[in-house]
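There are two complexes below, and they share chain A, which is joined by chain B in the first and by chain C in the second.
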Partner chain A sequence: MKQQSILKKALTNFSRNGALVILVIAVAAFAVLTKGKNISISNIINILTQVSSVGIMAIGMTMVIIDRGIDLSVGGVACLSVVVAAVGMVKIGLPWYVCIVFMIITGLLIGFLNGILIAKLKMQPFICTMAMLKTTQGIAYYIMQGKTLFGLPEQWAFFGQSKFLGLPICVWLLIVLGFIAFLILKFSRFGRELYAMGGNPQAAWMAGINVNLNRIAAYMISSFCATVAGLIISSRIMCAQTSIGDGSELDAIASAVIGGVSMAGGEGGVIGAIIGAIIISVINNGLNLMAVSPYLQTVIKGLVIFFAVIFDIIRRRNMEQLKANQ
Partner chain B sequence: MKKTISILLALALMVFAFGCTTAEPVAEPAPEAAEAATEAVEEALEEVAAHPLAGKAVDENGEPLVLGYLSCDVMNDWTSTCQGVSRTLWEAAGGEVICYVSNYDLALEVSYMNDLIELGVDAIIYQCSDSYAGAPAVEAAKAAGIPIITVDMDVEGADSDCYVHIDQPGMGKTCGQWIIDRYSAENPAKVLEIAGLVNHSAAVQRGGGFHEAVDSIDYIDVVNTVDTGWDPDVALNGILDAFQANPEINVIYSHSDSMMPGIIEGLRQIGKLVPVGEEGHIPVLSIDCNFTGIQAVRDGYVDLICEHSPQLHATICVNVALAAIYGQEIPSDITITSPMVDPSNVDSPDRWANNVAGEFASWPYVQQDYFPIPTR
Partner chain C sequence: MMDAGDEILSKETIVQLQNISKKFGGVYALNGVDFDLSNEIHSIVGHNGAGKSTLVKILMGALTPDEGKIILKGNEVQFSSPRNAQSNGIAMVWQELAGFPNISVTENLMMQRFIRKSSGLIDWKSNYEQTYEYLKRLDLDIDPKLPMGKLPLAQQQLVEFAKALSYNPSVLILDEPTSALSFSEQSVLYDKVRVIRDQGVAVVYISHKLEEVMMLSDRITVLRDGHKIFTTDAGNLTKADLIEGIIGQKPSTDRSISLSTGIVERPPVLEVQSLNKNRLLHNVSFNLGQGEVLGITGLSGSGTTEIGKVLFGLDQHYTGQIKLNGEFVSFTNPQEAIASGIGYVSNNRKEDGLIPNLTVGDNIVITSLKDMASAGVIRKHLIDERIHPIMDQIELRPRNPQLLISSLSGGNQQKVIIGRWMRDGTNILILDEPTRGVDVGAIDKIYDTIRHLAASGLSVIVLSSEFEEVFPKVDRMLVMNRGHLVGELDPSKTHWENAFEMASHYEN
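Showing the complex of A and B:
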């Protein structure tokens, strides 16, 4: 009887910290397979650097998914905001800090538009943000005409290449934004209301929650995060290209889901999403270290996402059962 | 609300009235100005007439011939340049151009092809998304009797009227040969291959040619192949990962210059970005010689790039399309040999990427021997 209860407790803990467990298993497995190369300090910093942009996107995506939404436009937002900043710096000659302001304004405006269209006009988030993805990418393509913009000022490299206390600035950005988002979701009224909206939108509305305002805010946060991610990517490669952010929306969604954010809304958190992003990066990195065939890498990555979603379903069922038993 | 509408209406009326009353009568131009304008027009006309293709894309009745250009994307400088130069040349020849971009949507590609057929274009230049999936689009054009020229990537399972392309595997082989010539059993090569997109035919062919050249050589070891999806950011991550696992990598072969910003920044970040000729330099070999690549050669970080000129492809395609419309015989395949670009010839005016990006009208006309300008 006692043994059964210990097992139950262990299962519960496992369910609650599923993403962390997957991460530990992945790191341990690759440590064996790569003879410890993946757990060297330099490689850990390398992984964290790689994860920073997708991790930051996943933070914003988490907010939106908790509210039962989805934001497919993040790749386009990252791309367009970088293009706006690069054109400002390279073509017009504006100072880099002014261009960052323009970048953020661009991102927030797109997020606001997404929010208004979804909250007020009741557009389906999937369709609305997909249309926004196409629109923003299209504008970026039109501005760039297939070119790559070089000549970004040296200061631009600060966000993707400089270090503070041994960690790259982009990793610090991930940590700071993750911490702020964690505080918002855990302790602010907005965070609590977002969970309530995701759990039961009807009940949330009837309880007097300003659903529309919160929804708009969630999409603006998501776009803001995508803008910061774009800033990091362009800073790492020191140029602006239309390929920036391409396909990153799927990575951000996968990170959130692997990290335990439920697509059904109302569940999960940013820490899980960041861990989800780290899991994807650990797998990418491990497979690269092992020089696994690129064809096989795609299969493995797909399978990991697949099993993570199955795991999420089992985990949620477990939790529901436990709640029912209590 | 009513108040707002009234105010807006009043404002609109005021603007209208102001516009009507303040309109200046159109002044007669001064005689000198008129003369200058006439001269400018004459100069422009002379310039147009001086173009080697002038009047070539006009039918017997003086009507412009219409070229359909169906491209898989305009995101990268190769595809956008090929399309831009083709358009510029065709328009210089007096014709009209209709461009469609499928953004790698194969279903959309077939639909666009049908749209071009419906519009009754006189010839089609088609750069398909992937060799292995463009057959229905080519077959549709052939069935409609419209000459179709495939550019850069051929279509498996359907024959276009002419396929204008570079020797893709040949470029990979050239890069492989460069390594074979410079390394030996005493000085073995550990190669990092920065691949394009694993299932993309250009990447498959460029990678295939390279492996064909080096795989049987004992002293060349391709230690890692990183799939980047043509993305420089992924290439950067790949460089960082690969050097973690294999710090002894001493050559990088990239399927395209598209990934060059990531390669250069990656090498910089691991402290291995050393110019050619200096100790610790890691040779970088690539393909395309686009605006990014040519700058990297000029900066002294890249040893060799096999040029893949969209300007040359476009020039040949336009000539072939004209010949096909005139009813002349055209070859089913035109294979371009890739020039090798290194620091010795990087500044040559023959390099397509030495022109100003996007400003195709200012690019000089390419003289080439692959297919001459047809005469009626």
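Showing the complex of A and C:
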């Protein structure tokens, strides 16, 4: 009896989260198509490792989008912060842990700048963060002068390559940050206020919410997440180069949207966004295993976004219908 | 009057709604309601959440009924969208303003039917002229190029009315059209409604203002909890009958008896000294006493709203002094005002109050998340402890904190917005038109709550243009006239007409 009700609950929760349905379908489909190759333990870990950096970016992106914003600068932030750390370690010879601190400070500063410009100066988030993307990328290009910086200390590999309890550290980072962000959005004052701001910024302001402060915090969180993503990527390839983070803003946004985060603000959550990122990765990985042309893969990725969002709209409509007929 | 009613009854039916039912989330919003309409002014009244808006939304094609038929001029119809209804000659002024604040009045009015040049491009000049002409029909002198959002609420409402009329509909639905209008604006609207009725239009009129309903209607239908209670000729009905129909029991007390304690000496909590604001406020000075309910009334546009805005830190363009508990203050934003113990309910619920994606409970606690959290973490039991007594106090219908606020009826939304200020930190509560769109029963309830809060030490300012309604509920009444404070009255000693007289007196 009890088991049944748990099952029922699990099923309703399951269908409530549209992204989860898509994920299961995708995994199952590729399991058939690749004859089970995609669900081998090693491949799953492989997928999760790939997902970790975009997934972490999607966490910060979700917060910003809930507040009716967008952060296009995450790729630039990831890149520049890695470049700063690498220059510190390789050129100046600072210890790696000091450079991580510098890296994070760089990220937080950029996020703070985004936040100030958007909250106080009322710059449009899209424009402001696009300009920030160009600026940060440009600085990184200028510092690197087209070269790749090797020779990172071996401890650096820890984040992208070491394992703990069978899972790579970067996957643990995704899990831990995702869980913290989930708690923040669901159970913290900041999180609840963010949803209110996304729903009606004017009313939130008049209810006494510190809209500016929260907004700045959201952009700082997004930049922080981008920095951690940069750390993971550079740790995996053990060098600094300007291609780090390139184009990842769109992957992060796509993850959030596939995961049910509404671009209109005030709706969605980080778990969905992370599942969204996993969906993209599962599909990429499955297509790779099937040796599908990378050009075609891009097309398929685009179609998946269409499919996921349409699916979500239909599902919501049915839920409402269901509720009405109860 | 009676004769006219009889004659109208014999007129042929234009619209018939038969046995309409509609459920939301398992609860009946409408349950087997019949409604018919001929060339008349047919009012629908009922408490907040009675199903009035739902009924007309069904007629307008904005909602599909679960059961029932719509018969328009003898044919059964089922409109798939408001647009569809519009092309069949039905027009509606929505309860929650449906205009677009960011685009011009002209675009709002002419949308989907712009006048074009032979080249196919929009002919702006003709569109402006046409719009001006539509507005003129209602004696409105508004620049058609202004963005809708720049107009005061009352004018926005009138533009919506002008828009509905401009379609030359055969059925016109007005859902609380006068809720934001001043006295003179209301009478323009009444006249116009009568004129179009005489021209053959069938009018559905929804309002909580019973005087207006009784004066304007040919027939009245009362809804309660989704059921039709009765439809009758307006001439056959007394106000007491009407109230009884709406609330389901005999009105208990005489609502015009003053609750005022009389003007008594109280320690001032708020002192306003020679407040001036370019053309809107002239040398306004007054005190608010501890535990006092102070009414500031005036016709719309007289400056009452501006006083509220200044006190809540929404407007810094003023001169003059404000003393709070003996100390000079000047707030630059609402947050500072709230931190000093001021709460504020604006007269624009949709823009300044509602957070549509959140539940009722979240909308209530939004002002006090700080007290609900320890170390930034929200405590669920604290939230429950807070919202339940508030929901009782405001008599929320349905009493369910998990519902999205956007699914509540307009009046219940208003009660939630007021409820969010019932918190420990609030010492002074400023309410701008707090009973706009609220039903008779709930109006009394809201004032009861206000009196109750005042008795426990809260000081309240009620800004209003409803002279008759606020007069008996406040301890002291200030009257504004075009930015000047023109009088102070003791409601226990005088009559509301005196306040109205002072507010509308015109001197050169």
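We adopt the following convention: the second predicted complex is superposed on the first by the 296 of 326 C-alpha atoms of A that agree within 3 Å, B and C clash if a C-alpha of one lies under 4 Å from a C-alpha of the other, contacts with A are read in each partner's own complex, and residues count from 1 in each chain.
What we mean here is this: a contact is a pair of C-beta atoms (placed from the backbone, for glycine too) under 8 Å apart; a residue touches a chain by one contact, two chains touch by 3 or more.
Here the structure is a predicted model, which is why all the values come from computation and not from measurement.
In the superposition on chain A, A:59 contacts neither chain B nor chain C. Of the two partner chains placed by the overlay, only chain B lies in contact with A:37; chain C stays clear of it. When the shared chain is aligned, no partner comes close enough to touch A:270: not chain B, not chain C.
Partner contacting the larger number of chain A residues, of chain B and chain C: B. With both structures placed on the common chain, the touch criterion links A:289 to chain B but leaves chain C unconnected. Within the superposed three-chain model, A:170 lies out of touch with both chain B and chain C [touch as defined at top]. Touch criterion not met for A:278: it reaches neither chain B nor chain C. Across the complex, chain A is touched by residues 74-81, 84, 195, 198-199, 223-227, 229-233, 236-238, 240-242, 244-246, 258, 261-262, 265, 269, 291-292, 295, 357-358 of chain B.
Against chain B, the residues of chain A that register as touching in their complex are 34, 37, 40, 42-43, 46, 49-50, 53, 141, 145-148, 150, 161, 233, 236-239, 241-244, 246-247, 284-285, 288-291, 293-295, 297-298. Chain A makes touch with chain C in their complex at residues 187-190, 192-193, 195-196, 198-200, 202-210, 265-267, 323-326. Of all residues in chain C, only 23-26, 66, 312, 314, 333-335, 338-339, 344, 346, 351-358, 362, 366-367, 369-370, 372-373, 376-378, 420 touch chain A in the complex they form.
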